[in-house]
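Both complexes below contain chain A, partnered by chain B and then by chain C.
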Partner chain A sequence: MLVWSRSGRRLAWFLAALLFAVIYGLPIAMIALASISGQWNGVLPSHLTLMHFANSVQGESGDQLRVSIMTGAIASAVALVSGTCAALALRRIAGAPKRLLDAIFFIPSAVPSVSVGLGLLVAFSQPPVLLNGTTLIVVIAHFVLISAFTYGSVSAGLGRLAPDYEQVAESLGARAFYRLRRVTLPLVAPYLIAAFSLSFAFSMGELGATVMVYPPGWVTLPVGIFSLSDRGAIFDAAALTIILAVTTLIVLIGLSRVSTKAAVR
Partner chain B sequence: MKVPTLPSAANHHPALPGNPPPCPSSQAGEGSGGRRGRVWEGDAGGLRRGKAAASDPAGASSGIAFEDVTVAYGALVVLDSLSLVVKPGEIVALIGPSGSGKTTALRAVAGFVRPTRGRILIGERDVTNVPPHDRNIGMVVQNYALFPHMRAEENVAFGLRARRAPDAVLRERVPECLRMVGMAAYAKRYPRELSGGQQQRVAIARALAIRPQVLLLDEPLSALDAQIRRSMLEELARLHRDLPSLTVLYVTHDQTEALTLANHIGIMRDGKLVAFGSAQSLYRHPPNRFAAEFLGRANLLPVKALVSDVGGLTHVRFGDAPLLARNHHGLPAGSECLLCIRPHDLRIHAGDPATAPLRGTVRAVQWQGEMHSIALEVGGHPLRLTCAPLKAPPEPGEMLALHFDPEDATLVPEDGDG
Partner chain C sequence: MAELSVAVPRRAPRDFAGLWIGPPLLILAGLFLYPLALILRETLTGGTAVLSLGHFAEVLGSALFRTALYHTIIIALGSTAGCLALGFVFSLIIAFVPFPGARLLARLIDTFIALPTFLIALALTFIYGSAGLLNEGLMRLLHLDLPPIDFLYSQWGVILSEITVYTPFVMRPLLASFSLIEPAQIEVASSLGARPFRIIRQIILPAALPALLAGGSLCLLLTVNEFGIVLFIGAKDVITLPLLIYDKAIQEFDYTTACVIAVANIGLSLGLFSLYRLAVSRFEDRRHAGLV
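Entry: the complex of A and B
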């Protein structure tokens, strides 16, 4: 603690709490309130109702939630595998080549997601590779956007792994694949889980690229929210937002539980 | 590579209750069978005990040979033409200051450092180009590197599982190795639930479980506190008495560890082996200044060798003072050299100071519990003397007369310290 006096510390806490409440708390509280309001004309809404939640469960929103979860899970899983493979393959490279490859990997996250979507659309709208209007192109868009997370997270984990573990394993007779399976991957497991969590959360909220490429049969929840609010159904959109946030949160909490377990061992 | 299924599982008679762990019976010689298979078969690692050792065919345990091994990173030569032989069943300690290339030498044997020149042999086999997982060595690193996600017993079993040893071997070998290092009661613990010393024991058990041909230890005690270090040192000595045919290469910067454990000691400096010999002879007759100072912090006085005399003693002149010393290295008369005398071999001269061979000014007196350490200046050269605690220690500035038994003083060449 940098602030020593008791009153000073209290003031610091108060200011921090206030800032936190305004920046994070207020928007969320507004959305939460909106999701249960029947009417909102004054400072606070009136005619509180759960109707919007009922709407969302009954309507196409249930499908959209499923689509979002599936897209997120598949894209994150593929990104995890490929990002891990890339990180493992490139870990022995150092210096300028390493920095160049890192830069290439991080390009997609530096480009606006709308542009990534547009790029995919242009690239795959003509033979020989025609993916336009398929489910696959949505997953690919998400994968392109999140693969940098996994690569970055896993290479950070591998970078912090002392070489001793793998060398001792090798001296004990473990060949490359056995070593990877029994030593390397378990030791970087927290990083793998963090990578997956981050990509999943990102994918669940992704709109920019998705909106460019999604086919009619594969509407993700953020796209649904976007079109609802576009149509002026703000309260329904708010209810969906809450559902999206809670679902993502549940998955993240579950994953972080697993991660703590992996780290503690 | 397929591990041959073998009759050798039958070699492993289960331990009789109350008996020491079974002696791995000897089996066909070096050439037979796949190397990987052999590892858990029998005595490939040469971990034979007691009487069994006598009945084993000669050469069953393997030594290590460095032949002109050079390791360089770019232009930086970190190991310079190292030639060194560790005989089967021997403990050789490599000592030297930090950065002298000890770890590099050890890792070259393990296969994690590629020599730019030269060969490394384990037993009869040239392993220079053999990948680490095929070398059949046990390695213990400074920070133990126990796998944190595995219990102690799983750590010990790791090497056997990696080699697909049958369950029967695992069930027998894992408890045996844990028992050998006194960790049987901790089999179910995770590494984080063990103290440093206990982790070290598990790391040693893990290395021994595969019955390695050679055991490589890199500063295994340096992360432990002084008291545990001492008891671990005794443990290691006991372990080698139990496994007399285990060949050990032991890297340390601590001379006590080297002198306590090793049959032979190699002293490294700037990537070169500057001295090698049996622990005793290296201590008694260091071949150069560096060896004398590094091993046992000897006092060195510049002298001029005169004639060799009766009984192997040589007359030398230190300034104007005539002294006597052994000339173990056969330095020629007239050469400039160093007289090496250990601090505890210097005595305070009780009689007439005029008859003392050396006189010096006391510079500092330290009481260290079990001994007094006195720093002196003799003819402009620093000298250290240790002795049993004195009732009336000298005061700084006092003149002190000294003598020593010429048998305890040895002449060391001035140059040639690599």
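Entry: the complex of A and C
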């Protein structure tokens, strides 16, 4: 307790509540209001409507939501496998090579997303591999950007693991693959799930690399939201943003439930 | 812990498990390092067979690049300063002037990390935009014809959005370091007559310094790389490096210029990333030593 007087505490709380309301509460409230506003010529909308949400679920916006979910799920799944593989293998490497490899796996999170997109565009618009204009290049861009998150999250989980369980399993004669499948992976399962949710959430909101590489047939939701807002259809954009945020949060909450269950077991 | 776990295979050197690093490393090399190398090659050749540093000199000397670099740095520094200040105030109250629901509030702010960054930029147009809540309200109240508040479509709008989005990244390490401060230390100080500001200055701030460094350098990195917010605010005279890369490559198909700017941007980001790693390792060392 830092402030002892009752009035001082009240003042501190009031200031914090005001700051929070202005900085976080108001924007969320306004974007939610905008998503259901029919006409907004005055201070507040004159009437409310669900039309923008109806627009969103049908037509191209619905497709964009599906594209985003699929891109996020595939890229996160691949990143999870490759990140787990890297984190597990790095446990068996020591010294300078370990530090170097660790840095290499983290670097994609430091490189600006637009540059990652530019690199893919330059590299795969020329032989030997031509991927420009395909769906795959979008998934690759998302994979590269989130691979550092999954790697970091899994290696943090492995770092916190007490070595006893694995040593006991080994001394009891468990083979390496059996040990991995029955001991190590179940123990780090909460971290694997957290890694997947974090990367899925990131992928759902990714814009910088996607605008560089997306083909007309594979438009993700953030790209769709930007083109709506660019055209001045800001209420439709607001409704789509709400859908994007809610979908992301549902997946996150769902997965964190699964994760708690895995931890309890 | 990491030292402990690698100690096992050293005892039994029959292990080739380290070779599993191969597949993920190959994937990363093909999909990330190879494109980066081609960006670098493009800057030197400009799509021809001749190597030269001419493109570099030309682009880096241009007014367009310098203005973008200036905007990027100003926006990053301003946003980071704002995030540190706001994050410090929020964390201080959540940790040391606790109220019912303080933990819930901390978690609510934390979920912001998962949301797309442009959400805030879009939301702010409904509040501070020319036809937004504030301007419409003031115009009606004061009988004005023109919107009186016009900061959103400038670097200030970008800075405000980035402060909102990136403050949670500062609060995470701050709350962690605050939870390790011995409450008795603060109670003794205040029973000896120290005022809250003195306690903050002499006890809390020194203990929070590594967390502020770690959170601040992460903020710098993220704000230098930020693209969505700048794109959505869409102010004509606020061009940052990532936005300039997008403009050059996608609007003008000028890949060589885009690549040169990308190399500069990546260099800046990697420098900030090293700073962040350094700050984090110091933060972790102090935490392990029980100093934080």
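The rule we apply is simple: the second predicted complex is superposed on the first by the 244 of 265 C-alpha atoms of A that agree within 3 Å, B and C clash if a C-alpha of one lies under 4 Å from a C-alpha of the other, contacts with A are read in each partner's own complex, and residues count from 1 in each chain.
Everything below uses one rule, namely that contacts are C-beta pairs under 8 Å (C-beta built on N, C-alpha and C of every residue); 3 or more make two chains touch, one makes a residue touch a chain.
Bear in mind the structure is a predicted one, so any value in this text is a computation, not a measurement.
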{"item": "Touched partner set for A:S147, first chain B, second chain C, both or neither", "value": "second"}
{"item": "Partner chain(s) touched by A:Q167 [first = chain B, second = chain C, both, neither]", "value": "both"}
{"item": "Chain B or chain C, by number of chain A residues touched", "value": "C"}
{"item": "Touched partner set for A:L207, first chain B, second chain C, both or neither", "value": "second"}
{"item": "Touched partner set for A:R175, first chain B, second chain C, both or neither", "value": "first"}
{"item": "Which superposed partner A:A96 touches (first chain B, second chain C, both, neither)", "value": "neither"}
{"item": "Overlap of chain C and chain B interfaces on chain A (superposed complexes)", "value": "162, 167, 170"}
{"item": "Chain B-facing residues of chain A, complex", "value": "162, 164-165, 167-175, 178, 182-183, 186-187, 189, 262, 265"}
{"item": "Complex contact set, residues of chain A against chain C", "value": "1-4, 8-9, 12-13, 15-16, 19-20, 23-24, 26-28, 30-31, 33-34, 40, 42-44, 82-83, 85-86, 88-94, 101, 103-108, 110-116, 118-124, 140, 143-144, 147, 158-163, 166-167, 170, 176, 197-198, 201-202, 204-208, 211-212, 222, 225-226, 229-230, 234, 237-238, 241, 244-245, 248-249, 252"}
{"item": "Contacting residues of chain B [partner chain A, same complex]", "value": "36, 39, 110-112, 131-139, 141, 143, 145, 147-149, 158-159, 161-163, 190, 206-207, 210, 216"}
{"item": "Of all residues in chain C, those that touch chain A in their complex", "value": "1-2, 4-10, 15, 17-25, 27-28, 31-32, 34-36, 38-39, 42, 86, 89-90, 92-93, 96-99, 105, 108-109, 111-112, 114-120, 122-127, 131, 133, 136-137, 140, 163-164, 167, 183, 186-187, 190, 196, 199-200, 204, 221, 224-225, 227-228, 231-232, 234, 241-243, 245-246, 249-250, 255, 258-259, 262, 265-266, 269-270, 272-273, 276-277"}
